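Please go over the structures that come below.
There are two complexes below, and they share chain A, which is joined by chain B in the first and by chain C in the second.
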Partner chain A sequence: MGVIGLAFRYVLFHWGRSALLVGCLTIIAYLPLAISWLTQTFQSQLSSRASSTPLLIGKKGSRFDLTMNALYFEGRAIDLIPQKEFERVEETGLARAIPLSIKHRARGAPIVGTTLDYFEFRKLKVTAGAMIGRLGDCLLGHNVARRLGLSPGDGLLSDPDNVFDIASSYPLKMRVAGILHRSFTPDDDAIFVDVKTAWVIDGIGHGHDDVAKADPSLLLEKGEKKVVASAAITSYTEITDDNINTFHFHGDPANFPLTAIIAVPHDEKSGTLLAGKYLSADERMQILRPTTVVGELLGMIFRVKRFFDLQSGFLAVATLLLLGLVMTLSARLRAREMETLFKIGCARGTISLLHLAEWLIIASASAILVGVLLALTLSFAPQLMRAVLF
Partner chain B sequence: MIRFDDVRFRYGRDGFSLHVPNLVINNGERVAIVGPSGCGKTTLLHLMAGIRLPIAGRINVDETEVSRLSDSARRRFRISSIGLVFQEFELLDYLTVQENILLPFRIHPSLHWSKEVVERAISLAESVGLSDKKTRPIQRLSQGERQRVAICRALVTKPRYILADEPTGNLDPSLKNHILDILFDVANRESATLVMVTHDHSLLSQFDRVLPLDECTSKPVEGARSQ
Partner chain C sequence: MNRNGMMFLTFLCGCVVLTGCSKGPGPEALSTPVKLPLTIYADNYPVAYFTERISGPLAKVILPVAADRDPAYWKPKEEDIARIQAADLIVLNGADYSKWSTLMSLPPSRVVDTSRGFKGRYMYIEDAVVHSHGAEGEHSHAGLASYTWLDPDQAILQAEAIAKELKAKVPAESKAIEERFDGLKKDLTLLRERLQKLADKKNEPLLASHPVYDYLARHAGWNLKSVHWEPDELPGDEGWKELTKLLEKHQARWMIWEGTPLPETVQRLNALGINSVVFDCSPNRPKEGDYLTVMNHNLDELSRVYDYEPDGASPASH
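After this line comes the complex of A and B, so read on.
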């Protein structure tokens, strides 16, 4: 145990002071690094998701809300669009249309109603179980499956819209058909169903006992072409092989609601032509390029971040000055000890080395702690970003 | 032998000054330095140890002219030839008894750590009655025990000279003689010369010689005087 050993002993003996210094150094190093790292992660996540989505169509209104809803399944609820808008895109022959219905949640995770095209478009593969096979099936994102501890064959109940509204649609018990592989995108945190299943959760479609064979007391009206049943007739809250044929939809399918449509143009020119079709003044829809919207959003975020960077800089300088003061006071308090070391034959340089070694030990401990915290931050960065920002 | 020839020392330009015309301390002697506070007793010890340098004159310790050595040479000389004992013990509170005794070996590259060195430290601790407290933290020792540790630390390098600056000044009266006995005992065993600054006249009878320093700091010491 030479000078380094002595320094170690001093740091350990005054563990409270050492811990405080390590804490201070860790905070001033960790916070700016973590914020910078998280914003970079946020930027890359937002950008990569946006750049992989060519065009979005939705109701005119906030471009940010439409983008947040359609790309990240988060954000404020937006006005819905009718299913016929999906047909409108398809009919142009300029792009492939992928419908999205994002209204409901199940145990905190968003339920995304879409078609099989979505999985092909996002290159999502099933790692366990199978693809959606029938009405009522769902696919779980990697994180949702892990968080909820569900596996193929299990059931998952959608959250009720409003527990106090007895006239609203019933929650639907979905069958977990499969689990998606991890994609490190918001898809990991979503539950996917066929868009028709989403409409069943909406209450547009439902299944119930055959009214033709039902107890007459449950019928309000029975004519040759029309039968009206009371609410007492058994409605199914789970779609099974036995009752799937009783499920049906009411209303005009052209008006069934969608949140947004992803349009995947065949080429750049097709995309431009398609965008041109939504430019008229009386158009009630908007078409947007997510990269442009996300670029604007990031621009705003980074303008705000510059302000915080400046603040962090001042804070770091102030903390370092305080640490300098602590070092000076510590050196003064230990002047006698150092003088004794000198008197018994220790070189002034060795005494300085002892001081330096103590600070290096504290700095090293801080560096290790910062490394561990950054590793943890990195591993939880996606969840952290989503928790903080959405 | 320690020899001062017309040594002059001054702190700064106009600070305290000391003049020692002639002083000889022979090997194996037990010498006490007495005098009022501020008359230069500690400064005299520091000059002997090479901690401070005179502005004029010569200081020889055995064959070495300490006043002409470079900084690093004086440090080497100090750590190999001088054992210092302080009034306030000056132990490191974050080390154990044994670690404090072995401190010189941790801070000077010319001293080599070995099994024999550790055994010597243990042996010294045992000789002053600290055999069962080798691993004890300094804070858990009494004042007398701390001074015994400080004495062991001064002796661990086998110095030829033990310079003690009021080592009993902070001790209970009942402990003073005990600590002095220990100092005399180890000095005898190690064949070391003992020079001790003290205010306590009741201890003087135990020394071979007493060197009084004059009250006025600007006046020279009147050479070595026997009492």
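After this line comes the complex of A and C, so read on.
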């Protein structure tokens, strides 16, 4: 049996002590590496999303909430803005506007109401099925489709706003038009609909039978120019080719709600000019550059990371000192054993080699464990970061 | 430095350069490269005609509605939707003209709502049945009057919106687009002048078979009231009752029709002292001629209304 074999047998025989040492080394290596990689993942996720979104417009309030909502479809609900703000951006001629309505969810995933320009802007491609075609269609992000096991042609019901409020808007059964290509962004975890479909889910738009020809028992008043139906007249909960033409919207479209607007200026100068239009003191909207907001957010996170780094440093030093102690004590405890080995003819160099081999085996086991843990951490990092932070 | 050292240094420099370059995707503009001729979809004939005139050889303009259908009520199939979504430009009349465009998903960056510029002057259809239900309150499904192009001034504004978008799309052709737009504007101005000359003659009560002439009536200063009759259908008893009631307050001698009315309807109207005249709104591509031909013919027909003397020869009505 060679030196390696002897060392291996020794490590296995003293499995408790060996496991403890492997555990200590693993923690020393894993913690700083994992934290560093996680923060890098988080930083790259936030930064790339932010840097690909030139300007955001929303109601004055928390800049962080607006950014989290509009970019990552997460965070606290924010005040809504009227659709005329979309027109306002378009009418400046300085930028193209992309509306976002993020109020509802379906089976846990956010429903994002927007226009086809969003997919062009984010370079999102459909891998299965087709693009949103009409009212009631939805596109699923890669992860949502996989999690819910849905494919084009299937139905997906929006979650009711409040199950205890029977007067609230009805859930809408959407038709899955297609599945988006995996983008490794929050778009993978979202359900996309046309902004008009989002308004149908809001209850602003709906379809129903012709009120003028409805069952008289459902009418409160029927005059030559005016028909008043009771709330008992039911709206369609699914948009089909047969009933789509009965769908209509109530109120002034200029006041229909949006969560935020992505403004894509034609050039840098247009962006600056557009931002300047939102600077007056009585302005009720805010315009922000997501890179600035995310930069601030990352600054805070990195201050926290420095604390973690310091803590990991102290932990590493303490553990290394402990390991040193363990090695010294181990050498003392094994002094007689080494002496015996020497007396039966084992060279001093071979005895040192035996010690080195034992520690190498422990270090290798620790390295393998660190590798496995890091691989697991990295594969779950995006979900983990989103679950922890948003 | 040995060969391995040089290779390592090169690798290191490569890594630094790559790291420096990888700043993530930058802001994306919503402009796709333009490939001529452009593919442009229009939702009715007037805006398709304006686009054809202004774009000339720069675009292939498609009105995806069969010749015998009313574009306002066209229902696109799945394949139509995909084709329209992929177009370089989608020219819409606006004012809720085509129901399909409000129910379909269209990319706003490639949509031209030609009447948006005068949305403050939109008219609502009078006498529409209003209904209310639930908590949403009263509303009407009849909505906006959408035959905006019948007002020649508005038609010019719609053409201008198309020209502006085309110039933005193909800036290199701006001058040619502008010249072609000027030619169209001149033709539309001539139509306006002809209409004005007629309108200046007299202002007598008029009837319309359908509430589609609101903008034309406002432009020409007509005293116009509408019923809801179709030229190819006999008005039922309700229809005649509605007309009789209307005539009590609005003693019109002419009814303007979108298409040639049935002879029975014409005879019964004549018995009531009402003559018929056709003013084709031309929402779909005409069988012969073009938009200007149709509009000039309409004005020829209208001149019969203004030249008509009740005590003179009997009208050559339809």
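To be clear about the criterion, the second predicted complex is superposed on the first by the 385 of 390 C-alpha atoms of A that agree within 3 Å, B and C clash if a C-alpha of one lies under 4 Å from a C-alpha of the other, contacts with A are read in each partner's own complex, and residues count from 1 in each chain.
Please note the rule applied: a contact is a pair of C-beta atoms (placed from the backbone, for glycine too) under 8 Å apart; a residue touches a chain by one contact, two chains touch by 3 or more.
Small disclaimer: the values here were computed from a predicted structure and weren't measured.
Overlaying the two complexes via chain A leaves chain B and chain C side by side, clear of any clash.
When both complexes are overlaid on chain A, the residue A:K343 reaches chain B alone and has no touch with chain C.
Of the two partner chains placed by the overlay, neither chain B nor chain C lies in contact with A:V176. In the superposed three-chain model, the partner touching more residues of chain A is C, compared with the other of chain B and chain C.
Of the two partner chains placed by the overlay, only chain C lies in contact with A:M131; chain B stays clear of it. Once the two complexes are laid on top of each other via chain A, the angle at chain A between chain B and chain C, using C-alpha centres, comes to 160°, given in steps of 10.
By the touch criterion stated above, A:D194 is placed in contact with chain C alone, chain B being left untouched. No C-alpha atom of chain B lies closer than 35 Å to one of chain C in the superposed arrangement. Under the contact criterion defined above, no residue of chain A touches both chain B in one complex and chain C in the other.
Residues 23-30, 32, 75, 78, 81-82, 85, 99, 102-109, 127-139, 141 of chain C are the ones that touch chain A when the two sit in their complex. By the touch criterion stated above, chain A contacts chain B in their complex at residues 1-3, 5-6, 9-10, 12-14, 336-337, 340-347, 350. The residues of chain B lying in touch with chain A in their complex are 46, 49, 51, 71-72, 75-76, 78-79, 84, 86, 88, 90, 92-95, 99, 103-104, 106-108, 153. Touching chain C in their complex are the following residues of chain A: 44, 47-48, 51-54, 90, 96-98, 115-117, 120-123, 130-135, 137, 167, 194, 196, 208, 211-212, 225-231, 233, 241, 244-245, 247-248, 250-251, 264-266.
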